[in-house]
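The chains carry the letters A, B and C, assigned in the order they are written, with residues numbered from 1 in each.
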Amino acid sequence: MTDQLVLKGILEEIYPLHRTLVSDGSDRALEIIASNMPEEANFTIETYAPSTPVWTWKVPERYVVHEAYLEIEGGERIIDFADNPLHLVSYSLPVDELLTWEELQPHLYYNEQRPHAIPWEFKYYERSWGFCLPKNDFDELPRDKRYRAVIRTEFVEDEERGLRIGVGAILPEGGVDRQAGEVIVAAHICHPMQANDDVAGVVTAIGVAHRLAKKPLPHGSMSIRFLFSPETIGSISYLAHHEDLIPHLKGGIFVEMTGNENSLVLQRTRQDDHLMDRVARYVLVQSGQPFREGEFAQVIANDERVINGPGVNVPCISLSRWPYEEYHTSDDNPDIIHEEMLQEATNVIEDIIRIYATNFVPNRTFRGPVFLSGHGLWVDWRENWDLNRAIEKIMMRFEGQHSVFDIASELGLDYWETWEYVEKFREKGFVTKVALPSEGSAT
Amino acid sequence: MTDQLVLKGILEEIYPLHRTLVSDGSDRALEIIASNMPEEANFTIETYAPSTPVWTWKVPERYVVHEAYLEIEGGERIIDFADNPLHLVSYSLPVDELLTWEELQPHLYYNEQRPHAIPWEFKYYERSWGFCLPKNDFDELPRDKRYRAVIRTEFVEDEERGLRIGVGAILPEGGVDRQAGEVIVAAHICHPMQANDDVAGVVTAIGVAHRLAKKPLPHGSMSIRFLFSPETIGSISYLAHHEDLIPHLKGGIFVEMTGNENSLVLQRTRQDDHLMDRVARYVLVQSGQPFREGEFAQVIANDERVINGPGVNVPCISLSRWPYEEYHTSDDNPDIIHEEMLQEATNVIEDIIRIYATNFVPNRTFRGPVFLSGHGLWVDWRENWDLNRAIEKIMMRFEGQHSVFDIASELGLDYWETWEYVEKFREKGFVTKVALPSEGSAT
Amino acid sequence: MTDQLVLKGILEEIYPLHRTLVSDGSDRALEIIASNMPEEANFTIETYAPSTPVWTWKVPERYVVHEAYLEIEGGERIIDFADNPLHLVSYSLPVDELLTWEELQPHLYYNEQRPHAIPWEFKYYERSWGFCLPKNDFDELPRDKRYRAVIRTEFVEDEERGLRIGVGAILPEGGVDRQAGEVIVAAHICHPMQANDDVAGVVTAIGVAHRLAKKPLPHGSMSIRFLFSPETIGSISYLAHHEDLIPHLKGGIFVEMTGNENSLVLQRTRQDDHLMDRVARYVLVQSGQPFREGEFAQVIANDERVINGPGVNVPCISLSRWPYEEYHTSDDNPDIIHEEMLQEATNVIEDIIRIYATNFVPNRTFRGPVFLSGHGLWVDWRENWDLNRAIEKIMMRFEGQHSVFDIASELGLDYWETWEYVEKFREKGFVTKVALPSEGSAT
């Protein structure tokens, strides 16, 4: 791919917005995503009214910040939301009080390890209020003064201005194949002024969408759905409103933190040894780059807890470059993002999807060993020694138990070489194509 | 438990009786058991007529001994049943004969290893007659005299005086839960003048019944059935008369030889890795005492061969302190029985039952990760670090595949802590309770 | 067996014939086999018309060779089919041409490793023409002469003179037991002037048939079917014409190369750990002779690829003495065949069949441990210690999960001792006999 989409540019546009569960900054982020997704994705935005029950949760209110600042009584304004949205604890309650240092201190947040940086804090569900500031600034605040804390925020219940998610799908050649099902690629959008966590994942997903739009998956492959939403409550709200979709989802990829310099880490599905895990590992090994692996929800927990969670159960891996030191501070900014890292993650996800979405279970229609030379299926050992050696073993694996990827893996063959050879049997009518089973729950 | 029932006192009352498969001494033993079982057990005695077919067996006749002795012709009476029932081989045929030493010798039994003790012998099914005596006495009998052997026994077929078993059940709070099923605790009563094998097991079972009567199992737990009967034929007769019960039996515990000084040994179920085995092992490990383990019917075979046998198949462990040197001799008497050993065995069985009988499979009704803080299900890591770390993994195990005990074991948590936390989900309606499956055969 | 059939004599009669897929020599071989099979086998010959579709193949034409030779132009006849059928590449097309050395050379075949021997070559499906000769002769042919190649062959489509196979079956006492099913023993007949590969296998199969005719399998055992046919296309043609038979086939034994001096090698079934594999290994171990093992189709591929192939799937082992150096050359002749080797292979196959065909799954009708002494089923430990120790464990394996062979293997008992003991339970009505399941495909 020579004319690759430059992902960091999109990231820089989304990065500084005041994004949170439901906020105008998040809406704006979705608009920027919409304008950067390929047309083929038919990107749309859905809105869910606050307080709508979604499974065991409910949709939160819109969080509107009119102003928020901290002043030394009769003196300097030392913290202002207008300077940086990180200064305000997300979903802080309104306040307008004069406080002593002792009263104020429990409402101040800083990061010991990064004394120069503003940390990011939130109180979504057990609400309170607070300000975030560098440890260096905290240390210098006078202990003997009184402080005025002003937070003018609103929790808006207007159903027209509810929680928003963005969704689009890239179809294979010839359009949707309902039996084949879908892969969902998810990224969250709700971390204010955070570049790697989470805009890096967002732009990686956009990059993948462009690749698949440019060179579509072959006819009969899975469709690829892209979901952009606030963490946890976003994917819950979306799936709770589209329960019929769940049994069609054959796999999921959650992506975040793809721009920093660490190696990629594959967090396995809840199933732990699902085809999705094995395909991802195969692609990572093939990439030739070092990578790491970890158990479900044990590397860094996110929306895969929903997608692959109880009663949903779509096998969902997560890919990231976790850990990195700037996490959840004002240091997580475009300075730590590398285009090359974003592109490498895009490559890996593209390759995983191309294999996972084309894979199927070939099911024999013939009896006895096939008359290979009589049907143009003979592979000359002078042309392809490995495949020649494997023909018999491939033919014995058309019993509806093995996917093409399984066959290739068991026999140590290249996926695409095997896929092409099996396709020849399918064209001759010697095998039928069985879609991979869904693990997505119907209830 | 401060006011514990003293078990050795009951043992001493039952011990000296002439107990055998069907005998007046065994009837008397059941009466003593009846008077010592807690009232809540509704202890009853059932009688089965001799010759009644019970599966591939038939109920034996009552064995009545009028007198039995051995005299040197015209001289001293050297063996008398009236002195000790062990002197007579159980179920000896009647005889009244003058015999030479050569004729007599095949009918005399002694124990080489314990020359001062009378061994216990029986000929239940391939009948003959015989006397038992200490090796020391045997050695001194004159070889050149003739002996008069007199055995006046009767094999009574009277159906009113058939084989007797005693049975009682302690129910959970609120009464029987038919779905939950039952655990059966079995001990045999038929070894004449043997303290450890078998009265120790009998009084341990009585002790357990008192504990469960005093502090009943919570509502919805299994009921606990106590069976006292002659070995093998007793449990066969009982189950053959109550076949409908078998599929309701979720587990069994056979208990014997609990009074001597050896450590406890867990003989596993025929299933070998059943929940019953794992719960028993967990309790034994928690007890902090050394213990041993062995395979089904390979430590010391007993009624678990029936309860867990072909066509019954209720997973039945056995607990004992096997081996001990005094086994099947007159040395197996109250001198080798320790109250402390009986109580320790009682503790272990009580704890096994409390866990096994309350355990159940929680089955999810929700979708997605539960909104914990919104439903009072959040566990603060400052209050319980281990449980906090495990919440996600607990929630992922509500798929009807794991019992509470399995969940606790897999996550290295305490059973009761886990049970209480899962109960909170049940109270909120987020899981339903599925009773453990039965392995008891319907045919 | 004192009056054993001498197998090498039959081999010498079949060996020199011009046998190929469909040829007069192969027909003659079947006639010789017919005259040597025991009468009880009801040996018959079936004919399939050329071009008949058989699964993904079609029946080949009859190959008739009128004459075939190579001469130096105007001079010596250096190769003549009349001297040895190996001189002509099987299924060579007709030719009558004058060629330069350069034109001729691609049509000449020799064996570098055995320069004095004529190799065997064939072009069944991708047709051409060619001559085979010793490397020593090849080296001496003048390079500067022209050669006349004459091959007068016909590919006959006459349906009366189609592909022939021979088949017979030895039944157990009392005749066919349809539930018990069949074992198929297969050998191929189509290698011209080759003694070990393939006539050795043919005569071994004949030897086995005689053993089973002389001492029939007990009533209720499997029937034993013997198939003699050209390699691959023969077994495909036969099974494609008798598809109903497949689900009745419970196992297969392919046999070839049994006359040379190497040890026996067991090539396992496609199932890899099937009862057939375990019985064969048990017999080979019991034989006391060294033997080797290998995976399905990885030792030496043959008709087991059909019998145990896709859509047929009858678990089929192969027994041979592969490898041997004379393979596919004129050195594979009666000089390398040893009567003793043939007989040893016959013994092994007979023993495998006797166990495999009598084996069954005993299914309990009783409940509880059986009253052994009351039913004459007690085994005195003084008579048979091992069996006495195993009684309980045998009784616990009558749950329809274990065959008699499995029970004997798991408990380290002799098969026949176990079989006789289980038969006693069957005679008493305590177990019923369940035939082994078929893995043969219905489609």
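Quick notes on this one:
The definition used in the following text is that a contact is a pair of C-beta atoms (placed from the backbone, for glycine too) under 8 Å apart; a residue touches a chain by one contact, two chains touch by 3 or more.
Quantities reported herein were computed from a predicted structural model and do not represent experimental measurements.
At the chain A-chain C interface, residue numbers used by both copies make up under half of all numbers present, so the two copies contact each other through mostly different positions.
The rotation that brings the Cα trace of chain A onto that of chain B spans 120°, given to the nearest 5. Put simply, the C-alpha centre of chain A and that of chain C have 58 angstrom between them. Touching of two or more other chains is recorded for no residue of chain C. Here chain B touches chain C in the complex through residues 55-58, 125-126, 232, 236, 239-240, 243, 270, 297, 301, 305-306, 309-312, 441, 443, going by the rule given at the top.
For chain B in complex with chain A, the residues that touch the partner chain are 364, 366-371, 373-375, 392, 395-396, 398-399, 430.
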